[in-house]
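The first chain written gets the first letter, and so on, giving A, B, C and D; residue counts start at 1 in each chain.
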Amino acid sequence: MKMSSTITYVRNYLARFLLIVGLLAALASWYFVSPQVDAVANTMNLWNMNIYNFTLFVGLITIVIRYSDGIRKRVKNWPYMAYGLVLIVGWIIMGEYLGLYSDFYQSAYLSTKITLHIAILGQLVFFLVSASYRVVRIRTLRTAVFGLSMMAMVVLNAPWLLGVFPAADKISYWLLNNPSMAGGRALLLTGGIGGVILGIRLLLGLERGALKSTER
Amino acid sequence: MRIPELKRQYIWGIVLIVYLTAVLVPIGAPFPMSDITVEIYNVIGSLKPGQIVVVGGAWDFAFDLESSAAMIPALRQLADRHARIVFAPFAVESVQYQKYVMQASGIAEEQGGTYKYGVDWVQFGYIPGLPAAMVGFLNDVHSAVPADVYGTPDDKIPLMNDFHSWKDIALWICPHWSFDVVVRYATAEHGIPAIYFAQAAAYSGYSPFMMAYPDKVWMTNGFLGGAQYEQLMNTTGLGHAAINAYYILSAVLVVIVILGNVDMISKREKKEEKK
Amino acid sequence: MLSVMFSMVSEIIQPGKSAQLLFLLLIGILGYTAYYLGTKGRTWEIRSLEGLEAMFEGVGRSAEMGRPILVLPGISDMGSPQTLAGITILGELTQQGAEIGVTTYSSNADSGVLTASEAVVRSAYAAVGKPELYSPGKYVRWFGNDQFAYAVGAAGQILADNPAVVVYLGYFLFDVIVDGETGNSIGAVQVGGTLGSMDFMSVFCDYILIGEELFAASAAISKDKNTIATIAGQDWVKLIVLGILIVGTLVSLAGSDAIVRLLEM
Amino acid sequence: MISTDPFIWISAFFTICSFTLLYGDNPLFRIGEYTFAGTVVAHGFVTGIQTLYGNYIPLFQGQDPMAAISLILAVMSLFIVWKKYAWIASFPIAVMIGVGTGVSVRALVSTDIIGNITATISEAGLILVGNPADGLGYAVRVIFTIVCTSYLLFTVLHRGPGSRTMSYLRTIGKYFFLVYLGLSVGNGVMQLSGLATSAINRLLVSWLGLG
């Protein structure tokens, strides 16, 4: 029992050590002129990239586990899972056999993934319009300010207004460039501070949730 | 009078009708012309026959589709000027995107145009490893991309005999999201003029580049830019369709929001009556 | 003496980054000081974070309704602090839920985040003494490293699992529109926090954490007083930034660019 | 004219599948959903194998033996799916969090914090020069930035003297944020409208030959 807790302790600290070295090396190589620090940072960066490449296989394994479990247990939607599994395997075989740049592969990718991507982007405005019906209602001062600014922008951009009132173009430009931009800037500024403090919490071992992933 | 609450599906039905109408019936909505778009038109218009123009960059097809509104008429203008076109994709999906705009422009021989593959235009395959790949491409095209997308070696392609490095590039056109890489390496390091048919969402982020390089970098803005370019080339296409759709949609949205508020007020009144 | 020191510094520190380094050190020192004071027993009262309260209530609500919780940590990778904040909250909610029998699901757009999320969920179940309930691929779902494959996958998951609460914490862009409207259509309470696409999130979510509140929430959710103390450190930095902004504005109005040059050192 | 290209038909089918999400949960949407995930995962695998192959050529040719460490670390990440030995994956995860956070923290300090402070201060210098509309714009930028930042103070002046002023400032900050959110959603509508046009245009033009 004592032995195993010691091992756990060593493991956790080794992981924490890797985290801290990675974090500090990335920072130090940015601020200081030092070939040694650069070498450490570059090595860690390379490790990080390769790990990232491998997590793709983690994803593939979890998706295969999830689908095959689903099929075995006949969960809701299991026939689609079976279809998904066949598609993934078939597609990988096709890709390895024909090559990424073969005309067939390219057309197949265009008419599936890219098409679905374009189609889902095309639906966003539908969702936004139905949400506007629900959300842009003048209930309180808060919703009034939000709703009026939103509708002002929609109308100022509208071609039917630009036809009779060309200056609308300049007003919308002014609104976007000044109040809107400044709001975004304040978000980035304070968010940056919050992000750096989160980095410090990681160094101090305080960001408990995320650090759980590096503990046993 | 009581107005029934609109269900989501009804609203979506209305929106769908808006888009079908806008694509099928050109209503000719008005839009303003920007000076910068005219300037871009003049820059391409002043190209000399035989000069090499690179069309390249990286991103997802679905997002870059927005830029095709301006890219397609621009390709036709390039063909009018007899400029030679090299497509350089730095993302996997950019290959398909570039093939798509070329096909849609109809300037290639295969689509009944005059441009002959290998002589007037070349399509490369995916060049991995931005931004280092960009530096390599500009320094030595033949070693960065030894063959075109069909696997033909560069020395067997007539156009490639005149294209070796950045010195041979007259203009870079970027219809892809990754314009920052083009400016940083092609314009900043080698002074190559660059045109970006920007996606509306990318426009504000990249517009400082225009201020940094006033006579080297030009950008259009989203579908509006596309519509403006189509107008300059005397055609209509995706840009006009998008403006037309927004013409109707913006009005419909105002009505829907008003209905939403009416619904809220009518419910409130009903509650008060009950009290 | 001073010039010697200055030339030494300029040899070690990359040009144009001295002010940045100083700022980083300042944030570090203030953050640590706050933490140190926290360990010595100093406590700070934090103003209430609407979104965080809503999350706590959401766990209870899910238990009452017998429906799960869905936590989405966004589309960025492990390098983004926003993602880390999302994962922290995923861990805490999973743990709180596991104690009272509420299942927490998650969908990821990035395989690195997927790996970390699996680990977080696993240790959350271990922490409440129910490690047997965890199995890989069960709670954390991945649909490929693609923004919209993930968005559509998560929308499908919302329709299939019927969660009572959907929590969006991390970096989001347009993808939040797809999931937001789908989540609303099944009547889920939605809580969101991001820096990227705050605007669209505000349309679809019932409760939002505006900007930095996301990071404050990731500290406050742990209910650990030392962690919460760092929020005070965050505030001190903001006060200094506000000071620089106000002084800088006045100096700048007077026609001098001294402060800007100082910051670009 | 209706297209005869089978890929265009597949494309049209999937566009319609995707759009059925508007109707709600249904078999066509599920087919679209699983196709989306399936193609992305498989495509990621095909390209991922190529990248890895490229990255590890030096190792297998014996030019870079140190690369073995990174390979071992990378393989360790796979253990996350093995319940008993999942702890092995904690090391690569630690590297991902460490390096990733380090890289983003330095960018946050330089662009998000210092960059935005310098931009605000330099713009303050432009308030009194140039035409009044621009000057007013710069003034609005500076005021919005300062007030919105004060809204995000969590612990300061919560109680006691000054708390009233602070609460006014916070309220104004909240409304400034609401203006920002409203304006940018409103502007987004135009952009999203364009994306819908592309999708529907593509369907009608390339498939049915209309438009």
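List of remarks:
By definition in this document, a contact is a pair of C-beta atoms (placed from the backbone, for glycine too) under 8 Å apart; a residue touches a chain by one contact, two chains touch by 3 or more.
These figures come from a predicted structure and were not determined experimentally.
The interface with the greater count of contacting C-beta pairs, when C-D is set against A-B, is C-D.
The greatest centre-to-centre gap from chain D, using C-alpha centroids, is found for B. Among the chains, the centre nearest to the mean of all shown protein C-alpha atoms is found for D.
Centre-to-centre separation of chain C and chain D, using mean CA positions: 14 Å.
Chain B and chain C have Cα centroids lying 34 Å from one another.
Inter-chain centre distance (chain A to chain B, centres taken as mean C-alpha positions): 24 Å. If you average the CA atoms of chain B and of chain D, the two centres end up 21 Å from each other. Shown for chain B are the residues that touch two or more other chains, namely 8, 12, 15-16, 62, 65, 92, 246, 249-250, 253. Shared interface positions of chain C, defined as residues touching 2 or more other chains, are 17, 20, 24, 27, 77, 81, 84, 112, 115-116, 118-119, 136-137, 143-146, 148-149, 152, 160, 174, 177-178, 185, 198, 200, 202-203, 210-212, 216, 231, 234, 238, 241.
Residues of chain D in contact with at least two other chains: 18, 21-22, 30, 32-33, 36-37, 39-41, 43-44, 47, 51, 77, 80-81, 90, 92-93, 96-97, 99-101, 103-106, 108-109, 113, 117, 120, 142, 145, 149, 151-152, 177, 180-181, 184-185, 188-190, 192-193, 195-198, 200, 202.
Chain C meets chain D in the complex at residues 17, 19-20, 23-24, 27, 44-47, 49, 77-81, 84, 112, 115-116, 118-119, 122, 134-137, 143-146, 148-149, 152-153, 155-156, 159-160, 174, 177-178, 182, 185, 198-200, 202-203, 210-213, 216, 231-232, 234-235, 238-239, 241-242, 244-246, 248-249, 251-253, 255, 257, 259-260, 263-264. Residues of chain A that touch chain B in their complex: 100-101, 106, 109-110, 114, 117-118, 121, 125-126, 129-130, 132-134, 136-139, 147, 151, 154-155, 157-160, 162-163, 166, 169, 176, 181. Remark: chain D residues 18, 21, 24-25, 29-30, 32-33, 36-37, 39-41, 43-44, 77, 80-83, 86, 89-90, 92-93, 96-97, 99-101, 103-106, 108-110, 113-114, 117-118, 120-122, 124-125, 127-128, 142, 145-146, 149-156, 158-159, 177, 180-181, 184-185, 188, 192 touch chain C in the complex.
By the touch criterion stated above, chain A contacts chain D in their complex at residues 11-12, 14-16, 18-27, 30-31, 43-63, 65, 77, 80-81, 83-84, 87-89, 91-92, 95-96, 100, 107-113, 115-126, 128, 141-142, 145-154, 157, 172, 174-193, 195-196, 198-199, 202, 210, 213-216. Interface residues of chain C facing chain A in the complex, by the touch rule stated above, are 11-14, 17, 20-21, 24, 27-28, 31-32, 35, 77, 81-82, 84-85, 87-92, 111-112, 114-120, 123-124, 127, 136-138, 140-146, 148-149, 151-152, 160, 174, 177-178, 180-181, 184, 195, 198, 200, 202-204, 210-212, 214-216, 218-219, 221-222, 224, 226-227, 230-231, 233-234, 237-238, 241.
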